[in-house]
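Submitted below is the structure of interest, expressed as structure tokens.
Note that the chains are named A, B, C, D, E and F in the order they appear, and that numbering of residues resets to 1 at the start of each chain.
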Amino acid sequence: MNIADSLYKLWQSTGIANFVQPVDPSITSGFEQFLHQFGSPIMIVICLILLWLGIKKQFEPLLLVPIAFGGLLSNIPVADIAGPNGFLGIIYEAGIHKGLFPLIIFMGVGAMTDFGPLIANPKTALLGGAAQFGIFGALLLALCCFGFTLPQAGAIGIIGGADGPTSIYVTTKLAPELLGAIAVAAYSYMALVPVIQPPIMKLLTTKEERQIQMTQLREVTKREKIVFPLVVLGLCIILLPDACPLVGALTFGNLCKECGVVDRLSDTMQNALINIVTIFLGLSVGSKLSSDQFLTTQTLFILVLGIVAFSLATAGGVIFAKIMNLFSKEKINPLIGSAGVSAVPMAARVSNKVGLEANPQNYLLMHAMGPNVAGVIGSAVAAGILLALCN
Amino acid sequence: MNIADSLYKLWQSTGIANFVQPVDPSITSGFEQFLHQFGSPIMIVICLILLWLGIKKQFEPLLLVPIAFGGLLSNIPVADIAGPNGFLGIIYEAGIHKGLFPLIIFMGVGAMTDFGPLIANPKTALLGGAAQFGIFGALLLALCCFGFTLPQAGAIGIIGGADGPTSIYVTTKLAPELLGAIAVAAYSYMALVPVIQPPIMKLLTTKEERQIQMTQLREVTKREKIVFPLVVLGLCIILLPDACPLVGALTFGNLCKECGVVDRLSDTMQNALINIVTIFLGLSVGSKLSSDQFLTTQTLFILVLGIVAFSLATAGGVIFAKIMNLFSKEKINPLIGSAGVSAVPMAARVSNKVGLEANPQNYLLMHAMGPNVAGVIGSAVAAGILLALCN
Amino acid sequence: MNIADSLYKLWQSTGIANFVQPVDPSITSGFEQFLHQFGSPIMIVICLILLWLGIKKQFEPLLLVPIAFGGLLSNIPVADIAGPNGFLGIIYEAGIHKGLFPLIIFMGVGAMTDFGPLIANPKTALLGGAAQFGIFGALLLALCCFGFTLPQAGAIGIIGGADGPTSIYVTTKLAPELLGAIAVAAYSYMALVPVIQPPIMKLLTTKEERQIQMTQLREVTKREKIVFPLVVLGLCIILLPDACPLVGALTFGNLCKECGVVDRLSDTMQNALINIVTIFLGLSVGSKLSSDQFLTTQTLFILVLGIVAFSLATAGGVIFAKIMNLFSKEKINPLIGSAGVSAVPMAARVSNKVGLEANPQNYLLMHAMGPNVAGVIGSAVAAGILLALCN
Amino acid sequence: MNGEFLVLLEQGFALMGIGMGFVFSFLVVLVFTMGGMSKTVQFLNKLFPEEVKVVEKPGKRANVSEDEAIAVAIAVAKAQG
Amino acid sequence: MNGEFLVLLEQGFALMGIGMGFVFSFLVVLVFTMGGMSKTVQFLNKLFPEEVKVVEKPGKRANVSEDEAIAVAIAVAKAQG
Amino acid sequence: MNGEFLVLLEQGFALMGIGMGFVFSFLVVLVFTMGGMSKTVQFLNKLFPEEVKVVEKPGKRANVSEDEAIAVAIAVAKAQG
């Protein structure tokens, strides 16, 4: 190898020489040709925008920053970091492909969640069910109007669950080719909950309804909190084993938190373990942000369907709260219905904030936490149904 | 797919429809047929009992809670969480099958163990040897009277080592089909040490013996503590390489603790790393609690042999301490002999407690720590012998 | 199996019986025969010396202690801990073979590095480039005078980068058979920087030059620090995608540190994650310290070339600083040039110390941090070139 | 509006009906089970009142981890010294 | 000095030239880009001055983790008690 | 009591004898090695007495981790403020 050869080899391996791919004569579609040529640089710009959203706008930065950076790395020409021998490809294969990372994160979520407000006021669980309307509404639209296949429609619907690990787990099983777009949509809209929800909530409620005060929640004993995760898991075993990996991970984390004898493990799930897995989950989900899978009309549709799903979920929760008030003496404030979409604890905070606007003395936060955590269970159950019926 | 089809498919995937398996005409034995039909629900009840033991009775909760929960998850019908594509199956394959997790936990054990009391009074190491009598006594019984094969008998014997990671490591190599039962027995009996040991200790000693006071231990220098793990590993290399993975992991952790220049690593082994691995080790050991492997007479035999092993180990340690007193001027309190079974630091605390009952001024804890930590080394050596001779 | 058989089987599995291998008649070379027979015990002694260097002399103990202990374990006869089913072999295959561990450590390095001093005085980046002369000088010697192949010479050269994870990453890709020797050389010489550098620095500078005072660095804003890692990655994408796994990991860690919205992740990268990976990286790099690969003349050559590389790198940095002074009004103290070899932050401290000897009021530490962190980037870029051209 | 669309529509509505129905059924059962659970636990708490506290206290104590305890000890020592 | 050695020598020097050249080129570009970056950022900082502080503060606050906060709270309580 | 049982019995007792013997041998050797080790180290400690303390101190200081140091610093500051 002489100087000229080395220089040529080095030039061949630069990004400049490979950024824009040469025209591939076997591709006949003009748009595909364009993507083939300029896909990677466009994706890099998109990832920089996602990074900006994560850092500057603080859109779920714990996930959006790693996802965007993973996307950046996987669109670098030549390096093939997302390929089968690249480090993001290896991490993806080991951790996401079989669903390990989302389940571990769900353990941590369980170890960080206090189901007390739900146990204190069980009927608010139904609000967490009504908000799953977003999932099935978006599924219906995706299937009938946007031409997605049934598994794809199921994966898109789950965006409406407003629950990151659940979305990633379901998408990996049903439609891994959509993982990048769905994860980006799910986390972005979760961050946008304070923007998306209030207009819908105000539209569907009267000022009087928004001012309803709720009685203070009773104290929940330690034993109830210990038994609760086992009850949820038990129901799930009887009714829907397909949801058991998700619900099992969630309830395991929660049992470890509440039982009080394995605090070492519970602390680790909430900190070192969930942080480590979040880093790798984010980076490897980002590795699916390739131009041929992301720069499609499908991605546009997914973004549209995602916001539809969030809106339907919000509406579902609020409307069902009003329906419940028709049949119940003890009135509930319909604003806490919107917290049923999960997006813990953001949606509950939104309920509280909108409630305070109507009545500055009315703190709804703890009341909204009930439907909020019920929404996590509801989404996991809905995920189990999708996994059972959509493939 | 229409509504009726979907409903049928959903019904087919519920737990109710799958909880009780239909009669399998190819199974002729009545008991096996019963297990085939009702095995999973029975195992779930057993796992709930184990959870109760862990949480309410605080039986080694750090391991029994994850083991029991793992058992719960792996007995859920349809979900197949312990199968080759289920998340517990994947973790088991990656971490337990080749012995990784028990070794990493043993590193953490090493990083948490202070061998000072043993270095200060070296001859107490022999008590940690005598207590291994439980291993070989139980092995003999398992082999000759209960019809186990030689590798199975070795794995059962190791319960008498009273050391969780060692038991799991050896069982995985010799008789993985018994892993669930042996792990449950090992951790349960370790938790029951304060119940099992005192009657045996009192039966084998006179009140005068229990009142023997021991001279205070000398101070041990930093350098001795640094050299000690290397000495143990060196002997192990010369005499029994088969014990070196276990002893190597233990001494690596201990060297990192004592050398004082890698505190970052030692802290991590004692906290984040051991906690993370404990979670996954527990869950995936629990995934071996399947009805066809656990609901057998073998499990009953293992439970019986386990308590025999612990009792023989306790007796071995106490009797050998009395024998040592016959030949030595400086008398040792035979109660510290029982600490040789390991179960660190529980067995040493039992020695202390029984000693205080006989003489309220006589604190044996530090003296009992010597045989206690020697018991860990002794069990690891015995494990090496079993690995060398039992397969 | 009777007693005699068991005893014989046990004897066969002792270290004594296997320490010295029997003469292998198929080996004709006398030296190879000697290695075949006595290689393992010799390697164990070498590993004990490395342990002593790590613990007593505090030579990069965080890595040298695990590496030496891994070497100890992998040279144990019979146990085959570094083999495909041994635990170090498994960890090596999973974490080092495809480059995962060095990249994760590089993330942690990024999360611990403050590029502020470099941003405040950009031109010092060139010193971090000049110090890469050590890499290419050693490569030239290895290739032309010591008979190494081109990939081997590249891996040896990278020792001059004075950067552990980069060295391990490159060596794994180019010449895995040299990993043990190169890792030991790289970390040992990094620890010896305070011994190797000062004489060279004093030889190449006059007392007047060593007394040059530099103006205080300006403050760097948060935004500059956030944009900087993206700029570095961007240049790397355009110019040298082969360096992107390394530079990507480094800049990801740094972005997480600086962006201020993912402190959970950044803390984890700097603590739990880097510590866990360091333990396993060290142990599994040590598993490559086998006698047939380490007890060769090549290892001697590598040790010689390593110190040559460090010396050339130091000289390169210092001389280039003097050259820069010829063309610049604002003089820089040439002592900060030697900090360009990386070995963060040791080399910068050496610059400071030698500077204080010449002028007790002249604190060069912050000025030296600029070239110091630039040296990390420079080495990663050089690594990319080697990966692109040397195989 | 062709036949295929109608098939998809039927499938979509079937899924929606079944899905929402199932989620609601699950949660309704959960609501009643929670009620039963709370009553059972409160009954048990009356039967074995002290035990609950015994379980709770070590849990809470354990929350103050060793590290924190050390930090506190040093802090107090320094603040007093 | 045979031909093979000369070939290796040429190869080695080629690598050295290219390598050092490339590393330097990279860093020279980096130096100029850093200069441009700093100027751009300082210009932006003048345009949107407050925003920077808003970004900085939560970051710094987050550095004091919950654990530490608890430890501090206990410490202060005990020191005052 | 058939022949097979006797074979198993012999095998079991053989394992017990060998196993216990080996474990004891190992620990007896360990006891003596420990004795030798302690004497050697104490001899070395006399020859190079200060070095030991130098090794010990940084270790102990390092135990007080940065996190704790920060927590303590804040605590002291608040307690004094």
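Definition applied: a contact is a pair of C-beta atoms (placed from the backbone, for glycine too) under 8 Å apart; a residue touches a chain by one contact, two chains touch by 3 or more.
Nothing here was measured: the structure is a model prediction, and the numbers come from that model.
Student: Centre to centre, using CA atoms, which chain is the farthest one from chain F?
Tutor: A
Student: So which chain is the furthest away from chain C, centre to centre on CA atoms?
Tutor: Max centre-to-centre separation from chain C belongs to D.
Student: So which pair out of B-D, B-F or C-F basically repeats A-D, with more than half the contacts the same?
Tutor: Among B-D, B-F or C-F, the interface that shares over half of its contact pairs with A-D is B-F.
Student: For chain C and chain D, let me know how many angstrom lie between their CA-based centres, rounded off.
Tutor: 48
Student: Chain A to chain E: how many Å between their CA centres?
Tutor: Centres of chain A and chain E (C-alpha means) sit 31 Å apart.
Student: Counting in whole Å, what is the centre-to-centre distance of chain D and chain F, each centre being its mean C-alpha position?
Tutor: About 42 Å separates the centre of chain D from that of chain F.
Student: For chain F, give me the residues that contact two or more of the other chains.
Tutor: Residues 11, 15, 18, 22, 55, 65, 67-68, 71-72, 75, 79.
Student: At least two other chains touched by the same residue of chain B: list those residues.
Tutor: 1, 6, 10, 150, 236, 239-240, 259, 261, 267, 272, 385, 389
Student: So in the complex, which bits of chain A are touching chain C?
Tutor: 1, 6, 9-10, 13-16, 18-19, 44, 48, 51, 54-55, 58, 61-62, 65-66, 69, 72-73, 76-79, 81, 85-87, 90-91, 271-272, 275-276, 278-279, 283
Student: Within their complex, state which residues of chain C touch chain E.
Tutor: Per the stated touch rule, the residues are 118-119, 122-123, 125-126, 128-130, 132-133, 135-137, 139-140, 143-144, 150, 153, 221-224, 227-228, 231-232, 235-236, 239-240, 259-261, 263, 267, 374, 377-378, 381-382, 385-386, 389-390.
Student: Taking the complex as given, what residues does chain C use to touch chain F?
Tutor: 1-3, 6-7, 10, 56
Student: Over in the complex, which chain E residues touch chain A? Could you list them?
Tutor: Checking each residue of chain E against chain A gives 10-11, 14-15, 17-18, 22, 55.
Student: Can you list the residues on chain B that touch chain C in the complex?
Tutor: Spelled out, the residues of chain B in touch with chain C are 98-100, 103, 107, 150, 226, 230, 233, 236-242, 244-245, 248-249, 252, 255-256, 259, 261-262, 264-265, 267-269, 272-273, 385, 388-389.
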